[in-house]
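We call the chains A, B, C and D, going by the order they appear; numbering starts again at 1 in every chain.
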Amino acid sequence: MSRPAAIIGVGQTKHAKARADLSIPGLCREAAGRALADAGLDWPDIEAVVIGKAPDAFEGIMQPELFLADALGATGKPMLRVHTAGSVGGSTVIVASHLVESGIHGRVLAVAWEKQSEGNAQWGLAGGRSGGIGAGGAFAPYIRAYMERSRAPEYIGWQVAVKDRLNALKNPYAHLQLADISLEKVKESPMLWDPIHFLESCPSSDGACAVVIGDEDAAAATPRPPAWVVATSVRSEPSTFPGRDAVRPQAGVDCAHDVYRQAGITDPKAQIDVAELYVPFSWYEPMWLEGHDIAGAGEGWKMVDSGETDLGGAFPVNPSGGVLSTNAIGASGMLRMAEAANQVRGQAGEHQVDGARVSLGQAYGGNAQYFAMAIFSSTRS
Amino acid sequence: MLTGVTSSTGVANLIYRPTVPDSQTVTTTLEFPYRRSLGPVVGGFMRALGEHRILGVRTPAGEVLVPPLEYDPRTGAALEELVDVGPGGVVGSWAWVAAPTRRHPLDHPFAFALITLDGASTALVHAVDVAGEGAMRAGMRVVPRWRDEPQGRITDIEAFVPETGGQG
Amino acid sequence: MPATDIAIVGWAQTPAVARTDATEPQLCMQANLAAIAMAGIERSDIGFTCAGSCDYLTGGPFAFVQNLDAAGAWPPIAESHVEMDGAWALYEAWVRLQHGDIDVALVFGSGKSSPSDPAELYPQQLDPYYLEPLGLDPASIAALQARALLDTGRATERDFAEVVARSRRDARTNPNAHVRDEDDPERLLAAPYTRNPLRAHDVAPVSDGAAAVVLATARRARQLTEHPVFIRGIDHRVDVHQPGMRDLATSPSTADAARRAGLGDAPVEVAELAAVSSPQELIVRDAMGLGDGVAVNPSGGPLGANPVMATGLIRIIEAARRVADGTARRAVAHATNGQALQHNLVCVLEGES
Amino acid sequence: MADETMMDDLVTLTYEELLPPNTVRFAEALVDGRILGQRCHVCARVYVPPKGYCPLDVVLLDADDDVEVSDRGVVTGFTIVAPVRYYGQTKTEPFVYASVLLDGASGTLGGQDITGVPTDQVHAGMRVRAVWKPKEERTTKGQSARGWGNVEGCISSFEATGEPDVPRAEFEEHVI
């Protein structure tokens, strides 16, 4: 009963610390307009709009999708607003894909955004109170536990930080463009949340991302190759409970196995050509490689160390530069999906992985408790 | 059998507590000075207020939307042609606010109104400052009363007031 | 419209009150447990869970994360969340069930409005450039909409009072409602205006509460109950945001959603409408083309209890209840999102034919 | 030249909430020098502070499920936070942010300061005990109404006891 769905258009803003030249509708429309153009469509061609973003307090607008609906051409159409913390951009793509797979709509626009320069994410994460620890403070203990558990050397985190920033130099949309990044610079950057250095952390960005998801007819009519959505999954678990493994959350394991099963993947490392993983702090690259059973226990950091996750490596991770180079929180998860889709469409530009046919997009959120994952393919499975 | 409103079938530990006295309360304030970038259309509108001008935006169909948006809200099409409207206009629907809140633009009773400015195809929501609700009626003509020191906000119009000179 | 029939097989709501000391996850857990018990399922039967809530009601960014505790998310579950009324969570779950790989879904909506003052909070829900700085509050918007309706000549202030009176009378027999005050239209009309042309009683209260629904595919529903309530049609449409750029006296998005949900295909006996002001009920009735023979808001509706973010889902529950108990063969529920009926959902329910 | 017109928007919202009963009991016990948890009557896990339910078994818990736990425990994880400046932030100096698994509890108490040793000697596995404020300074104020209370009104920090470290294997599953 489930019909095929494909990403047929992708758009994103030029991400920056502050897009002071744009209003919030302007930011979202820059991404959405590019996605429509990529798909060869115009606003009236869209049947429904799904909007995702992280907490409303980041911009101080309650349910901002209400004032954004008509900016995104949704008047007279169904509109949904998804909020699953940091994973929301990924969840938004999945909700939109369900609208197509279910046969309800033929062409759906999904938009995710955050304009962090209008407020302060640290303030928001602290619930508006003093003494906030930021996402880094929340995740640092898990990172430390991973380091102890896996016996990974501390330079692994520096390596990821350098790799993703070098990849970002090949991505004109990426916020950070750090041409002079080096292991030494990462190591010498201030310690923000021990063991996380400043340069091992994501920036705070203004940005939006949009994708058009279409059915078979829509995919056939699009000017550029589609990325078929061959598997999607979401998994959530409570934020804290006695016995929870926050280093390798079960929800992340289950979510990964669900998409592998749907896509017929038995050896993810061999069968997936490229992955865009939500890595806001450098250590999350090896943590997710292990947490999603791409690498065995204690083996994820060795993939980093051997260069396997480099753009030219056997299993490239975040060729776009990832969250470490652009973090507009609500958009970040969708950017993973959009970049993964563009890889199998052959539309990733300078950071294209040669011959990519199968890609993985992943987003996580909350206290590493919400997961959204999808597998894209250049061919219908 | 589906019966009952709040089903408690098989649930032993429903511990719903109704309203209780205010013995244990906690008060928190969520406060932040947001700083918004406005873009060309909203920004143009706000800047014009400082010159005591009100702008709308023209659609391809020839309508003039006030307040101006970067897009046609019915189609999503991009809009950018700003044009002067008003500053006078006509009140449509209105609501009398007998007791203003902390957030309202005036600290004494006033009306919120939908005001169609001269040359506009849509209505602007703003405050109308009159002595009492008896002075309000649909079709009345109003003009803006400008704030002395513009702040680049919609409240640079303090309120609309009845047009003097016997019009309407 | 997809072919897969989905049915409502369980539901529950906490009694809505003006203020409770229970936390939102505690409220949600009560509703979820009761709905699951009523459906006669195990938590492990649930293939998808979707929640609806709003962080800003209690002022906690990520407040919804704690509500996950109430969903039974261990072992981990397939779950989503909308920053919308639970009726839209039900919509998302209904879409998910169309895939055919799962057969049961849990939906819940919740909100604690008591910590905040709507007049202070809700300007934050409006356009941040043109409307929020004016402090435009929900009662004022409702009053602008009310006068727009009065000016068409299609309704009078007495009609508003009649809606309030009927709602309060009906709320009296609803153990989940909490506004059961004055119900004489004459005396209601004698009350002072708070936002001329509206009086305090014309605008819904805000309440604390949660509600939950269990959905199942038709095959599974028939195994679970002798009286499944089928979703015959569900659709939602959004309208223009700026109050001055649309006709507040009509609701084209409601009319369109009703048409697409197949409301007009056969008569309904009961309509549960998420009208949060008395004029809104008249506008929604008109948009749906409901005749005088339709019982509107027999639960008392939002004027009797309005746990924001659950109010729309409760309309679906109240309509389903009347189909299940035989009061109605066919019923319609309406939910709304935003101010002045900006975004509307229509759900048509029927029993086994 | 791009239009970079800006608009300031100070948003101030006030919330007044009732504390849930589980938090009221927790706060009152703290003033009395006791740390309360709630033991799930299904799985026997002890939640500190009490939430009023067990999220794993999805059962509601009430006063009958309250249990007292020790004011001693082990650091299971920590970080040192260099505070980021933002509106309303009063912290300016780096601070320890540790999770403490109290003896008798199944889950940790997050966000605790660790004293009695230099900051760079804080480590997972070290034994600590609560440093109680003088009785007259203890308060029930400062609790959150969101369902998970805190100890700040009555306990100023946890200090190292000097006992031998606890092996990681004994708390591996309680790093949060």
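Keep this in mind: a contact is a pair of C-beta atoms (placed from the backbone, for glycine too) under 8 Å apart; a residue touches a chain by one contact, two chains touch by 3 or more.
In this text the structure is predicted, and so the values were computed from the model without any measurement.
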Chains touching both subunit A and subunit C: B, D
C-D or A-D - the one linked by more C-beta pairs in contact: A-D
Per Cα centroids, the chain farthest from subunit B: D
Computed distance of Cα centres, subunit D from subunit A, in Å: 31
Where subunit A and subunit B are represented by their mean Cα positions, the distance between them in whole Å: 36
Rounded Å distance, subunit B centre to subunit C centre (Cα mean): 25
Where subunit B touches two or more other chains, by residue: 14-15, 17, 20, 24, 28-32, 34-40, 42-43, 46, 69, 73-74, 153
Sites on subunit A at which at least two other chains make contact: 20-21, 23-24, 57, 59-60, 70, 74-76, 120, 123, 127-129, 238, 241, 367
Shared-contact residues (touching 2 or more other chains) in subunit C: 19-22, 26, 30, 33, 56, 59-60, 66, 68-69, 73-74, 120-121, 124, 128-129, 132-133, 240-241
Touch-based graph of the chains, sorted into line, ring, star, complete or other: complete
Subunit B-touching residues of subunit C, taken from the complex the two chains share: 9-15, 17-22, 26-27, 30, 33-35, 37-38, 59, 119-120, 123, 128-131, 133-137, 139-141, 143-148, 151, 174-176, 192-198, 225-227, 229, 240-245, 248, 321, 324-325
Touching residues (chain side subunit B, partner subunit D) in the complex: 13-15, 17, 20, 22, 24-40, 42-44, 46-47, 151-153
Of all residues in subunit D, those that touch subunit C in their complex: 7, 9, 11, 13-21, 51-53, 55-56, 58, 60, 145-147
Subunit A partner contacts - residues on subunit C that touch it in the complex: 1-2, 4, 54-56, 59-62, 64-66, 68-69, 71, 73-84, 88, 91-92, 95-96, 98-101, 121-122, 124-129, 132, 235-241, 252-253, 256, 337-339, 342-343
Touch list for subunit D against partner subunit B, complex: 2-19, 21, 24, 59-60, 62, 87-88, 140, 143-145
